[in-house]
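In order of appearance the chains are A, B, C, D, E, F, G and H, and numbering begins at 1 in each one.
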Amino acid sequence: MELLVYLAGEIHSSWRTQLKEQAQKQNLPLRFTGPMEDHQRSDHIGEEILGSQPNNVLKDEAASSINNLRTQILLSKSDVVIAYFGEQYKQWNSAMDAATAITLQKPVILIRDEKLHHPLKELANKAQLVVQTPEQALKALSYIFE
Amino acid sequence: MELLVYLAGEIHSSWRTQLKEQAQKQNLPLRFTGPMEDHQRSDHIGEEILGSQPNNVLKDEAASSINNLRTQILLSKSDVVIAYFGEQYKQWNSAMDAATAITLQKPVILIRDEKLHHPLKELANKAQLVVQTPEQALKALSYIFE
Amino acid sequence: MELLVYLAGEIHSSWRTQLKEQAQKQNLPLRFTGPMEDHQRSDHIGEEILGSQPNNVLKDEAASSINNLRTQILLSKSDVVIAYFGEQYKQWNSAMDAATAITLQKPVILIRDEKLHHPLKELANKAQLVVQTPEQALKALSYIFE
Amino acid sequence: MELLVYLAGEIHSSWRTQLKEQAQKQNLPLRFTGPMEDHQRSDHIGEEILGSQPNNVLKDEAASSINNLRTQILLSKSDVVIAYFGEQYKQWNSAMDAATAITLQKPVILIRDEKLHHPLKELANKAQLVVQTPEQALKALSYIFE
Amino acid sequence: MELLVYLAGEIHSSWRTQLKEQAQKQNLPLRFTGPMEDHQRSDHIGEEILGSQPNNVLKDEAASSINNLRTQILLSKSDVVIAYFGEQYKQWNSAMDAATAITLQKPVILIRDEKLHHPLKELANKAQLVVQTPEQALKALSYIFE
Amino acid sequence: MELLVYLAGEIHSSWRTQLKEQAQKQNLPLRFTGPMEDHQRSDHIGEEILGSQPNNVLKDEAASSINNLRTQILLSKSDVVIAYFGEQYKQWNSAMDAATAITLQKPVILIRDEKLHHPLKELANKAQLVVQTPEQALKALSYIFE
Amino acid sequence: MELLVYLAGEIHSSWRTQLKEQAQKQNLPLRFTGPMEDHQRSDHIGEEILGSQPNNVLKDEAASSINNLRTQILLSKSDVVIAYFGEQYKQWNSAMDAATAITLQKPVILIRDEKLHHPLKELANKAQLVVQTPEQALKALSYIFE
Amino acid sequence: MELLVYLAGEIHSSWRTQLKEQAQKQNLPLRFTGPMEDHQRSDHIGEEILGSQPNNVLKDEAASSINNLRTQILLSKSDVVIAYFGEQYKQWNSAMDAATAITLQKPVILIRDEKLHHPLKELANKAQLVVQTPEQALKALSYIFE
């Protein structure tokens, strides 16, 4: 039995790479998907596919329609979602991904530094598990196969 | 036919009061619910009901379990959700409320200043309507009864 | 027991008025909702609420986001949908409303002249009942209360 | 991870063939299904299987019951739907397929020439992505695998 | 709190009348709906509304599309279903109504003489309660209000 | 793409064998499941596993709990259901299986001799396709793969 | 807006009476339902309605089919569930009621003495709120109306 | 066709091992998952991954969030659930697992000694099958493949 894990959240650090490498080292039957991690490409994908847009709001709208297409397909196929919140950016899309998964009754593991707990408290309360590091998230997934 | 409207989002301005007053002036058959608007009370409700907690993370967890109880019940009864994003705070709970409603196939009207569009773009793309002011949101609801 | 009926489809004839008058004459416990019937207003509602748009596609997008808000709320509250297809216009929104209701397991009564049957055949096959006149649709609803 | 794509809509041009060939050239892990593309066969399949029918409406009803069987099975297995609207025909079955997928929370990519935007505006507003060419639709799907 | 009870099954005896009278005597807050009980009218309603049909199968199809419209609406509004199986007739529509309610997670009370148990055994196993008389069914509903 | 077909209904004729042989001859990617076809074994399976029961009703109840376990698992995995109604027996379990599938939005193909149409009319109206022979049902499934 | 509260769990103490009296004193718009609280009547209701049973297991089965009918109807209508676990009895039906509500996405408030936390830990983790006294549960509901 | 079986309930006896060995001997296409069977590890997994907790209730909460993550993922993938109730312990988590599966419309086979029937009667009434030994449960699953 293989599990499909959607890795939502922060795209400006290497947490996904570390998680994938550790999973591979431990031979865990996990496959990972997630959002476009190249921030520039994610912001420009709308104009890349649909052509130049009249203004920045419409450029954003074009990009988000394609980013959301990606997320909706990959999230709907996943068995579990890991969402990592960092200290920069608004990350409302990460909160949206986590809440969408929870409402679809898919379990969510939230990774955040304890400093961020206060603004995340309602989302943390809905998540199935809250941890501080990707290592802890992976240990929890590993436990499923013991 | 009366509609029940859940007013999610920013609790530090008077947008809810203005919206309710305008709805009443126009005799629109709308009833409004929403989160606890007293920030202090919302943060302390956990300890108020469950007693003193060992640390701040647990104080937050206690409060959020009661705030989420409130939100889950009121959101599940609502016909439409209006979510207002301001410029302060992380507002991850507002993003969670909006995404929860969307996933439950309840329509969401997003209110935000255009300055906030970029970080909100994925959520805006999923909302049924994006406006800049509470007046515009109310006009859209008023149109339903014409 | 009162039934809420959503009247989808053609907005350029008086079929809704006739249906409502006949229902009232027969004292049937039916309440009716439906789309904005003033074609001009329906096309301009986006710019009316959101302001002038850069081009016609965006004017349409603004209008449809508000028309769909109206439809989603009213359709989700309805017990049964009557969809009238006339000979003019593309009426893809009417087909969308009917298919949405069917997928939500709400029964649909389709009204169409037999001349239109061929292009409507797949939708007709999914509808619970296909008739030629509003009178027939009302007779079927009246039968529920006998 | 392979995605199953249902190709709804226009059957009188070669857009499906082009899309499949391009997907194959790029080695994208996509499998495609869709409606019967031979218009005559689609219209006659009812009588072919069930025998001669008393009139044209019943011939249509017989055909649509088998075409809808095909669509329901293939659509329910698909991960994403691409719907192409051309300038000919009523295409109410295409609108039905798209609306059905949207209501089942499957993402829809709409392909249409901008000339058709006005009558398609409500459906376009509900689709996850609106493009003008099959190439753009494929680019969006390709982006999911980057 | 009032309960809406759909009375499915046999239409050739007076069990519904007896049940309603007893419920009224006991002042139970129950409202009852059910199928058309006039067998002739139920068989002819298709031709009455849609006009003469080419043959008996099509006459049946016309009638059943209207009888099913009635059942779908009333069943979807009900809180509990009572299904009475008698010794005459095939009663496949009664089995369909009971199975539909069970699949929608609405509880079903089955009334049948013990002689009929063998052919009803799979449906009886899925029903929430199996009794022999309408009095027993009413006692069970009355128990809910104690 | 392979389809899983549940073959509900009559167990006293060889229609399943014929259907499977024809599907194999045509190399159709269909896999078939269905109920226990040995009538005696189906009636006795309760006592075989759970031991002797106090009376016939309880013997039936024991058997049906195991037959329904089988049906629930196999039906929930199927893509399409074929239900065959013969002239003997009450076949209320077959009507239950068909109605369960329809309510779960799985398409049902009904096979019945036209003589049986009248009592089957409500179920036939809900089925996606009604045919007279297993050959016709297989032709309809074959059409999906063209 | 009135909330319907199902009071699951322990039936051998007066916690429901106290809760209802306090709610009334505070004029909270709450209506309460719950299981049969007379233990003897709950155990005998099966034989009372269905007559004498062959043995104790079947007497239990008869009673539970009627108790579950009551619970399914009342739980499905409730907005929130309060489940009280005491120190006596196995209370597997209480755990079942709480888990059923949670799976239906209805919020559950768990009341238990801290001594019972260890065996309740998995259920507590799924509940929206865990408290020690009925007063605390009522305070949480009261907070919804502030 | 392979079935995935979740083995809920008692972890202090060897019933799972026996069941798996017998299934293998009979070459049944069954795969089994279940909870962590090492009681100590299950109780300590929270502190093992999340670190030392302030008190026993919080140690339990940490452990249950990870045990529930495991259960939610494995249960959601399973085709059928077997739940074994022994005579020791409160086993409220087992009752929760069984009720969760039933509400998700997954069939549950309950194994219990007849001595335990009275407190289990409501859960037994909801289960698809109640047996006394693992052998009987396996016979029922084996019957599906005949």
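Note that a residue touches a chain if its C-beta (ideal position, glycine included) is under 8 Å from a C-beta of that chain, and two chains touch if they have at least 3 such contacts.
Which protein is which chain? UniProt says A, B, C, D, E, F, G, H = YtoQ family protein.
Predicted model, so just to flag it, every value in this text is computed and none were measured.
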item	value
For chain A and chain G, chains touching each	B, H
Chain A on chain F, rotation in degrees - Cα superposition, rounded to nearest 5	180
Between the pairs D-E and A-D, the one where more C-beta pairs touch	A-D
Between chain D and chain G, centroid-to-centroid distance (C-alpha), Å	49
Between chain B and chain E, centroid-to-centroid distance (C-alpha), Å	43
Centroid spacing, where centroids are CA-atom means, of chain D and chain F in whole angstrom	31
Chain E-chain F separation of Cα centroids, rounded to whole Å	24
Shared interface positions of chain H, touching two or more other chains	65, 68
Chain B residues within the chain C interface of the complex	1, 3, 79-80, 105, 107, 109, 128-131, 136, 139-140, 143-144, 146
Partner chain A, residues of chain C touching it in the complex	54-55, 58
Parts of chain G lying in touch with chain E, wherever the complex brings them together	4, 31, 33, 36, 41, 45, 48-50, 65-66, 68-70, 72-74, 76-77
Chain C to chain D touching residues, read off their complex	56-57, 60-61, 63-65, 67-68, 71, 85, 89-93, 95-100, 102-104, 114, 117-126
